[in-house]
Structures are given as structure tokens and as C-alpha cells.
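One chain, chain A, appears in both complexes that follow, with chain B as partner in the first and chain C in the second.
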Partner chain A sequence: MSAATAETPAPEALMRPAAPRGRARAKRQRTVMLLFIAPALAVYVVMVIAPSLQSVQLSLTDWDGVNPAYDYVGLRNYQDILTSDRFWNATRNTLVLGLGSAVIVNVIALAVALMLDRLHRAQGFFRTIVYLPALVSGFIAATIWKYMLNFNFGAANTVLRDLGFEGAAMDWLGDNDIVVGVLLFIICFTLGGNTTLIYLANLQSVPQELVEAAKIDGASGRQVFRYVTWPMLAGAVTVNMTLAMIAGWTIFDQVMVLTAGGPGFISETMAFFIYKVGFGEYRAGYGSAAAIVLFVVVMATTVLANRYMRSREVQG
Partner chain B sequence: MSVQTRRRRERRRFTAGEAVVMAVLLVLVAAVSFPVLYALLNSFRGYAEITRDPMGLPTGLSLDNYARLFQTTEYGEALLNTVVVTGGTLVLLLALVPMAAYGIERLGGRSSRWIYLLFIAGLMIPFQVRMIPLVSSMNQVGLYSTLTGVILVHLGGAASFGVLLYCSFIKGVPREVEEAAEVDGAGRLRTFWSIVFPMLLPVTSAFVIIQALSLWNDFFIPLVFLDSSSAGTINVALQRMVGLMTSQWELIYAGAILAIIPSVVLFAAFQRYFIKGMSIGAVKG
Partner chain C sequence: MRNARARSSAGAALPRGLSRRSLVQAGGGLSLAAVLPLAACGTGGGTTGGKTPIRFLYATGDETWNTVAKAVADAFNAQSATAVVELDPLPAGSDYATAMKTMDATGNWPALVDMRDTATYLEAGKLAPIPAEVTDLLNEEVYAPSEDGEVYIVPTTALNGELGFNIVYDKDYFVEHGLAVPATYAEFIALLDAVRSNGDGALATAAGEVWPSDQLWKPLAAPWFARYDEAGGFWNAVAAGEASIEDLREPLERLKTITDEYVIEGWQSTQDAQTSTLLVNGQAVMATSSAGIGRLNDIAKVDPGFNAGIFAVPADDGALHVLKNSVNGDTASGFAISAQAREDGRQYDAAVEFLKFYFAVGTCDLMEEQGMIAPNIEAADQIRRNDSIPGAADYFALLENPDLTWFQNDSAMPAFSTFNTFFRQARIEMQDGQTTLDECIAKTQEEFENLAAEG
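Let's look at the complex of A and B:
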């Protein structure tokens, strides 16, 4: 390259104010930046991207997870999964627990945030104590509940018996008809934590002038919420629902601790199903196929939910 | 800022409505905290006492269960493992992610966009999708059931969120400061660590707190990657105690309470960053 071209910056370099001093310099800058990215990218590719792609490959095999040898079986694993009652039961539970808890927790969190927003005094204190329960992980909460719900010596049945409701004492985690409902209750037994904080931050950024103007125009409290506050919260609802659904699709800890999928396979979720068949039943190929199905579901719901809720934001 | 001043100006007399709200919130918090309170009270009671009268109160502040937890189970070792995994992952995340995000933002152009999207895609890949192949690769390279293996798996999982958080913040950092440092002859790496990284403190504090909590509380990854040759992390150790035929309720209650304490301490110490961090990410996102 001649000196003239080196001194005349390339057109795109002109638009980037950082690199106006020649091509060699810009090139060096790019190399350095790529070196900055490389270590994190390497770890990420080896730990996330490569194994995910390998799952796709394994999902087409009959691998048991232990033996080094396996055969390709085409799409048979997917066929087996989609015709398996056990898998559809796990999918239904995931829907009930994941989507159900996403909606319920968001309603609780929004209600708590609205209450906090009404406080003019000691708001900081109440915000802190409302957040405290969120510091207890789902795993620890479930472990404590497991003992509180014990049939013979659990707190729940003891209280019921002491109050004279002998018949209401139940085998909470061993009864086919109620076990999924009990799981849903335990997962939703929260004040929202982060979800509440996000709603509260958004409520506080609603311009007070709008609320005042609506009130002057004679809007009731409910109308102010419906026509002023709620549309302003659309963005927060999108974020919170998306986060809650992604977490909901992979509910595992509570199921593992409380029921281990039982009785039988009644309370399995998709995440638990994958864990169980992949490691417990030595069907790694089959488990991988189920994992790919889970990935497709997570991606589809995330994209669709975002598209739907963003469109609602624009109209709102 | 503007929110705060508005609130301050608006402060008026204590209303009945506010009193009701406060009462409702207190009741809700008490209800939701009940299981933890129950575990705390029972962690001071013996097994016989708990099963004889499940709703009874402790007769004294006996720390017997806590002592036995460390003497008769692997809880102590598991606690240490959890500290190593949480601390090790955090240090490595801070060493790798901010630099990578800075690189992505300053690289510019199409390749930068693709690398960013590749990282963000990880947010939609549940851990279950990569778990089966990872276990067999970890076995092959001898990292299965080691803390190093667990840390590496955590690193991959947290990288996506880190890149998202740091990139959105770095967009707002002016380039002039870095360029001035360069004119002074500082290398890019030194410029980054001595000039840019300190400017990222708000996002770093939010990232560290969020990650510290989720690493400390994680159950699934150590469950899958640590077998019985390791004491596991706290949660894994507790799960093994629950799984035993003769579960010792009183020890499990004590272990559950001990597992919560670090989170509460962290929250108490960094509460301000905590709430700010949660809100920054979400309002802009």
C-alpha cells in the first residue's frame, strides 16, 4: 500500500471517530480488541455453544451416557418423546408450574409494588423487609417445606389436627391429585423480590403530572391505574414476564427436593425429566432429544412473548 | 434524582391508607417468612422434641445441632466448597467478562455485532441443554467431580448475562478518556484496567451481587457435576442428608439456616447497590 492511501482514512473509518489516524492503527486496535474478547469467548464456546451443538448430535443416537460406542437412530428419539405420555405429562406440569407461577408471582409482585409506591414514609424500610424473603433460595425454601408438609410430624398437618380438622390433614406430597397444586403453591409462596423491585422502579418513573391530570379530570383510582399507570408499566411487564417464563420452563430444584417427580412420574417437569432419563435411566441420547425440545420451547416462547408484549407496548 | 426530589416535595401527613398498607405488608412479610422462622426455631430443638410436638417452641438457645452439623456431617467441607466455587467463579468472571464486553463495544462493525449476538444467545440456552455432553467431556478431561469443573460450567452460564449488562453500560462511557491515556503512552491493557474498569464500578457492583447470590444458591449444577467423591456444595450436602433413610430434621434445619446467613449479610452490606442494580438493568432493558 502506498503512503497516500494510508494517510487517507477509509470511508467507514471516517464515520468512526475513534480510528481516524490511519489504517495500520485501526488494524492494530482491532487485533487488541479481539484479544480482549478471546479468553471469555473461548470459555463460553467450550462451555455453552459446543456442548449445545453436541446435544443436537447426541439426540440422534441411542447413547447410554456411559459406553463410548453408540449408533445413530435418526429421529427415533424425537418420535418416542412426542408419543410418550410421560413426556406430555411433564410438559403439562411445566406449563402449569412455569406459566402459572410466572403469572401469579407477577400479580403478587405488582400488588406489593403498588402498595410500596403508596408509602411516603418508611418506604425504604418496607422495601427492605419485602425483599428479605427473596434471599432464601428456592432450594432451601423447598427443603424446609418438605418437613413442614410431612404427614406425621409436619407443621401443616399438626396445626390442622390441633384445630380439629382431622380430615383435612393430607399426604401433601404423596397424593396424585394435589401434588402439582402443592408444588405451585410453594413456588408462588413469595413476595416477588427482584420482580417487585423492577415494578417499583418503573412505578416511580411514571410522571406524577399525568396522574394528577387524570385525577383533576375526575378519574377514579382504578381508572388512573387502568389508563395511566398500567400502560406505563408495559415495558416492566414484558421484562418480568419474560424472565419469569424462562425460569419457569426450567423449574427443577423444588421438584427434585419435594417429590423427586413422584408419586410415580406424576409431578415431573421437563427439566426434571431430562435429568432423570439422562443420568438416572442411562438414556443420554433420549435425554438430549428432550433437551433440544426444551430449547425450542424456551426460544419460541421467549421470542413470541417478546413480540406480543412489545406490540402491546406500542399500542398502550 | 428527579424521582427522589419529587417524592420529597410530595411528602404529606400520615394517612389512614398508609397505615393500612403498612399493616398489610407486615402481615405478608410475616406469612412468607414463616418457613424460615419455623426452621430457625426448630434448629434449636432436638429430633425427639420436634417430632413429639412439631409446633412447640425451643426451650433454650441450644447450639447443639449446629455443633453436630459440623462434627457428624460433611457440611463444613461443603461450606468451604461453596465459598471456593462462588469466590472462584466471581474472580474469573470479573477477569474475563468486562474486558470482553469492552472489546466487543470498541471493536465495532459487523464482527462485533455477531460476537455480541453469540453471547446473548446463551440467555436462551437452558442449562439442561448442555448438561449431558458436558458431563461426558468433563469425565474425559478428568474435571468431573472437581470444583474447577463446576466453576468452568458456571462461568459459561454467567458470561451471557455479564456481556449483556456490561455492553449496555460501556456504550455510555466516553472514549476521550481512554484516548487521552493512550496519548500518554499507556498500553491498551493498562488503560483498560486502570482507567476503564474503575469507571464500570456501578455495573460491576450490581453484577457481583446478583452473581454472588445466584452462585451461592445454585443447586442444579453442583448436583450434576459433583458425585459422592466430593462433599458437594451446601445445597448438595443438604440434599444428601434429606435423602438418607433416617433424615435428621434438626440438623437439616440448622444447615438451612446457615445457608441463608451469608445472603442476608451480603444484602445488608450492599443493600443500596443491590436495589439500584436491580432497577438499572430492568428499566433500561
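Let's look at the complex of A and C:
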């Protein structure tokens, strides 16, 4: 008799008296688990859930964020937001940065992960190198980029000028034609590490038997990727795209540090817009309404995108 | 097999000696352990060596002000038997309004605040009255009681209005090229032309942060604002429908022309402090400033040999229109004592003690030594003035200039600071060519009307 057979569940007659005991034990375990998560849950409810719900109420007021007195203004804040050019510019930037960074980061991360997966030597070293930018906080990374891209004294323009490309030296963070693109580049640079690691982990779990079988059947490297590896990565693509889009919708640090939304309003994102009007301009009610709109946009786009990608997974 | 694993892992989760009861107790203990430190966050206060510690929040801007704040705090701490001032500087580039709101939201007001958006916080009851034992030390023109008869704000430095909004320039360059300080606006443009025709950068200005964009705009707009001095100020006239943003078309046009023709490249992302470097490095012959003598002091620290000078941008007729400080209302700035400090009597007393020290003649001498013009105290004639900073004589000469004309332009609109931020950004947008002058005027007017309607 094998060990598995020895552990075969007892006959039903023997199990029946044990069921109430099992339920009681499961209940106790749930209680213990709840107690363990209670501190984090309490903090989360107080610091995140409750203020989020309160912001719905505040979005209907003219609260300045300081004075305890305020009036209800109905849906006026929403009306003002939806008719504001500034808001729509911020929405457009958010879509460009959110979707753009999600697509670019995923494409680059997948390519890097494929290269790392094929490495037989020093994979750990290169994995660390790829992941390092993700370890630096967005704020600090943006500050470093700000110094590097300074028009007058930054390393980028200094190198270009020293190499004789005076005309190529640009006001990277002040030229309204390119500033959103520069932000997109910097955001992609910072976000790539985690995405690469997720792809790499999935690549390494692709069953080698399938890959070898495909090769024996005469499949080229590209065909192996298209018909074996890519379908196996569908779940990772969904996770990575979703995470990247959520990160993109809430881009703030980089904008705050690098451009403060300028020049003018040109590089404001929705998250920065909410911060600016809610905190810097003493319009907490208006900012709350903008936050609610952002929440709806994030939820809707994430759910739709997720549903689409899940459907692809099934087909795959 | 699956059940075997499940049982096996269940067994692993409950090692011998760790009963379910102990697990429950551990969970409860963890909850308590997590909550206690949070509760501890709410406690505060205390003393430092028997002295009452108080915080002083201020916006770091020019290096001179940072140095003065530290020197005065150190001197106070060395002599006070009852209080210790801890500096709480907010680094340049940070959003000071946001920091103050965060501080307010967390109920973490320092005793002393370098106040901005004063009316907003005063109306919300966040400030404590400043007692007569402090205001008696000051010239009565630099403070004023609020509607309730109490004084809530006193100046940190000399109230010379916006005389500090001027042009800092390279004197040696002027001498070398036979240039002179302009006496009219036409001469100012001719001067910019002359520098540009030499192939040199004429003017450095900054819009990397939003507020320094005022440095070029305000002197250009001053003659137009000054026309409404006796009518209660331009912004109040706009609110009353007696004026409009359209009335600022000409100064806005001048702003656009100067930006396009004479300002050196990269202004959109240049930080305020960088304009001094551009001047000292010879990348520009002139630079905008709002720090007055403080900017000259910063330049002297960077390059003691640099021969800097200051002039104000004149109006068409040569008049120098300069905004007089508001000593009350939303645009008034200076020291305030927080209402939170008053709840703790010792903090309030310590803050008052520091302010009395700040406005003493000896402390004013210390400020002057550090390069800042001391506040207008009652005993101002006893202060040892510092005229050793290169260019300081130009600044003091401006104060004596017969063409100097003061004007006031306070706004009664509660949301004026919100509007002002918008107007700054709208101007930068127009200067940058993202919008036309007409669009800038139209959207600014619309924003003003919307905010005025909100009350």
C-alpha cells in the first residue's frame, strides 16, 4: 500500500461525526486570521476607505480644505470640471501617459525578459541591473532626471553641446511640444523593473517539454514564441497591463517634480490636477469631484481592459 | 494525497507548544501592538532641557533668508531660559500652500508660521492674536488690526513693498559697452536691444516654478494697476465690473514681446535661483528678481567679485510704480502665531518671546549683517545698516528715488490666491505660445468671474 493510499479519506460513516469538529476548527481559524488582519484592516478603513467615501460628500460642497464651514453646491463642481479645458487636457495627458506607458513598458519588459531568459551566465547580475531603477522611488528618480535634463546646466544638453550638436540641445522639460513625451520616457524607465520580473518568472515556468516538442516538430524560434510561449504568458500580460495602466492613471511624482504641470497647464495629469486644485488652490470640494471622476475613469478602463484581456486568455 | 498534504500543512501551522488559544492571544496582542504606536502618534508636546520647544515653519527661497532664520534662531536659543525655537524649513520648489494645508489637516501647526494666504486661515480661526507687547516694537505703518481689532500678522523683513521686484544686472558689462540704467520703458527696450545686438543673452527669467513668473510681469503691469489705486485697486474694480482683464492687454503684450525677443532660452523650466547663476556665468546680462537686496547678497556669496547692480523697470513716463505691502488680507505675509499654540499657553508665550527678540535692535543688526534688510521697527534709526553688499546702494537709492510712486492693489475676493495661481499659469501658457493673447485674456476673465461667483 502506498503512502497516498494510506492517507485516503476515511469512509463517510467515519467522517460524519468529525464534521462539526472540523467546522468549529475552521471557525476558530477564521477568527485567528481575522485578528491577524484586524490592525491592517482598521488602518485601511480609517485612512483609505472612510476618507474616500467622505470625498463623495465633499465633492458636492465648496469646501476650501481649511475652514470647517462650507456649503453644498449640488453638482456644480462636476459641471465645472467637465466643461473645463484644463481638466480635459489633464485627461488627455493621463490617457497618453497611462496607456502609452502600459504598452511601451510591457513591450520592452517582455523583450528584456526574453533576453534574460536565454542567458545562461550571469542572469542574476543582469536581472538585478534591470530591476535596479524600480528600487528607486519615483520622486528621487524624477529629481535625478530633472538635474540631468536641465536646459542650462544639465548633463544631457552639456554632452550634446560638447559633441557639437548645439541645435539638438533642447529645453526637455520646458518645450511644450515634447514635454509630455519626455515624461512618458522617464515613467517607462522607472516602471519597467517589476514588469520584467513578472514576465521572466512566467517565461521560466513555461513547460520545456512543450517547447522541445514544438522544436522537434520543426517550429522556428518565432513560431515557438507565437504558438507556445505567448499563449502561456497571457495571464502575465493581463496582470502587467492592468498594473501598468493603474500606475499610469495615477502618475503624480514625476509630474510634480519635473514640470509641476507646466509650462502653463500643458503637462498636468488628472492626479496632479486633483492635487493642485484640492491642495494648492484651496478648492477641496472641486478637487474631490475631480477625484471621483478619476476613480470612475480608472475603474471603467481597468475593468474593460481586464475583461478584454481575460477574453484573450480564454482564446489563447 | 491532497488531503494528506492538507493535514500535513495544517499540522505545520500549529506546531507543538503553540495552542489555538495562544494564537488567538497572539493575534489580539498584535492588534494592540499595532494600535498603540498609532495612538502614540497623537501625543506631542514636551520640553527640551526644561525649555519649551516651538517650531517655526518658513519657506526657504533665497539663501539670505535661510541664513537669517538660522542665525536668529541660534541667537534666540542661546539666550532664552524658557524656550527653544526649532526651524521647520520647507525646501524651495515645494508647494508651500500645500504644506500648510497638510500641516493644518494633521493638526500639526507649528507655533510660528511664515504666513501665506493669511485671510483664508484667519477666517478659519487658525491664527492667534499677536499681543501689543510685540506690535509696540514695530512702526505702526507695518501692521494693522483685523476686523475684530486684533493683529494677526507682523512682517519678517522690511516692508518695502514690491521694490524687490526688479532687474539685477552686470555693472561691468554696462560700463564696458557704454550702457546706462533706463529712465523710461522705451529706454529699457533699447537697452535690451543693445545687449541682444552684441550677441549676448539680454534677460534671464524663470518659470520652472509658477510664482517667479511674477518677477517680469508685475513691474510691467504696475503702471496699469496703479491707475486703480484710488479706486480701491484693480482687482476690486474687476470684481465690481468697472474694469476687466482686457485692460491688461498692453502689459500682457509687452510681456509677450520681451519673452519672445529678449529672454534667453530655457526660461520655461528655469528655477528662480538659477537666474543668479546665469547672471554670474555671463549667460545673461540681466536677470529678473523678487528678492531685492537678498538676491544681491546671494550673488555676492557665489562670486564676491561680481559687480551687481539693481534697477526697476520704469513706466513710459519714467515713473517707478511699486506695489505697497498689504498689512492685512490675503496678500499680507509675515509672522503669525497659530491658534493651536495658544491652546498650549507655554507655546504661545514662547512664540511671543521669540517675536520680541526678533524685533529687538540687536537682532535687527544681526539680520543686516546676514544681508537682509531688517523689519521696520520703532527704533529703526538705531539699526546698523549693511551697505557693504555690492549693489546695495542701488537698492537704497531706489527708496529715495523721486520717481518712486507707491500704489495699493488688494483684493477683497476670498478666492484671489486661487485666481492668482491660475493667472500665473495662463500667462506662462501665453508667453510660451500655447495660447494667444486673446485666449489668455478670455480664459483669465472667465476664471475670475467663476471664482468671484463662488464667493
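Basically, the second predicted complex is superposed on the first by the 274 of 316 C-alpha atoms of A that agree within 3 Å, B and C clash if a C-alpha of one lies under 4 Å from a C-alpha of the other, contacts with A are read in each partner's own complex, and residues count from 1 in each chain.
Heads up, the rule we're going with is that a contact is a pair of C-beta atoms (placed from the backbone, for glycine too) under 8 Å apart; a residue touches a chain by one contact, two chains touch by 3 or more.
All of these numbers come straight from a predicted model, not from anything done at the bench.
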item	value
Partner chain in contact with A:Phe295 - chain B first, chain C second, else both or neither	first
First, second, both or neither for A:Arg30, with chain B first and chain C second	first
Touched partner set for A:Asp253, first chain B, second chain C, both or neither	first
Partner chain in contact with A:Ser205 - chain B first, chain C second, else both or neither	first
Which superposed partner A:Leu132 touches (first chain B, second chain C, both, neither)	first
Which of chain B and chain C A:Arg222 touches, first, second, both or neither	neither
Touching partner for A:Phe279 - first (chain B), second (chain C), both, neither	both
Contacts of A:Thr190 with chain B and chain C, given as first, second, both or neither	first
Touch count on chain A, higher of chain B and chain C	B
Which superposed partner A:Phe151 touches (first chain B, second chain C, both, neither)	second
Contact residues of chain A, present in both the chain B and the chain C interface	32, 34-36, 39-40, 43, 65, 152-153, 275, 279
Of chain A, residues touching chain C in the complex	3-4, 7-9, 28, 31-32, 34-36, 38-40, 42-43, 62, 64-68, 80, 85, 150-153, 171-176, 259-266, 275, 279-283
In the complex with chain B, residue positions of chain A that touch it	12, 16-18, 29-30, 32-37, 39-41, 43-44, 46-52, 54-55, 58, 65, 112, 115-116, 118-123, 126-133, 135-141, 143-148, 152-155, 158-159, 162, 189-191, 194, 197-198, 200-202, 204-205, 208, 235-236, 239-240, 246, 249-250, 252-253, 256-257, 270-271, 274-275, 278-279, 284, 287-288, 291-292, 294-295, 298-299, 302
Footprint of chain A on chain C - complex, ascending	1, 3-4, 7, 20, 23-24, 27-28, 30-31, 33-35, 38, 95, 97-98, 101-102, 104-105, 117, 120-121, 123-124, 126, 207-210, 265-270, 274, 277-278, 283, 415, 417-418, 421-422, 425-426, 428-430, 432-435, 443, 450, 454-455
Partner chain A, residues of chain B touching it in the complex	3, 6-7, 10-12, 14, 17-18, 21-22, 24-26, 28-29, 32-33, 35-36, 38-39, 50-51, 54-55, 96-97, 99-100, 102-104, 106-109, 115, 118-119, 121-137, 152-153, 155-157, 159-160, 163, 175, 179, 188, 192, 213, 216-217, 219-220, 223-224, 235, 238-239, 242, 249, 252-253, 256, 259-260, 263-264, 267, 271, 275, 278-279, 282-283, 285
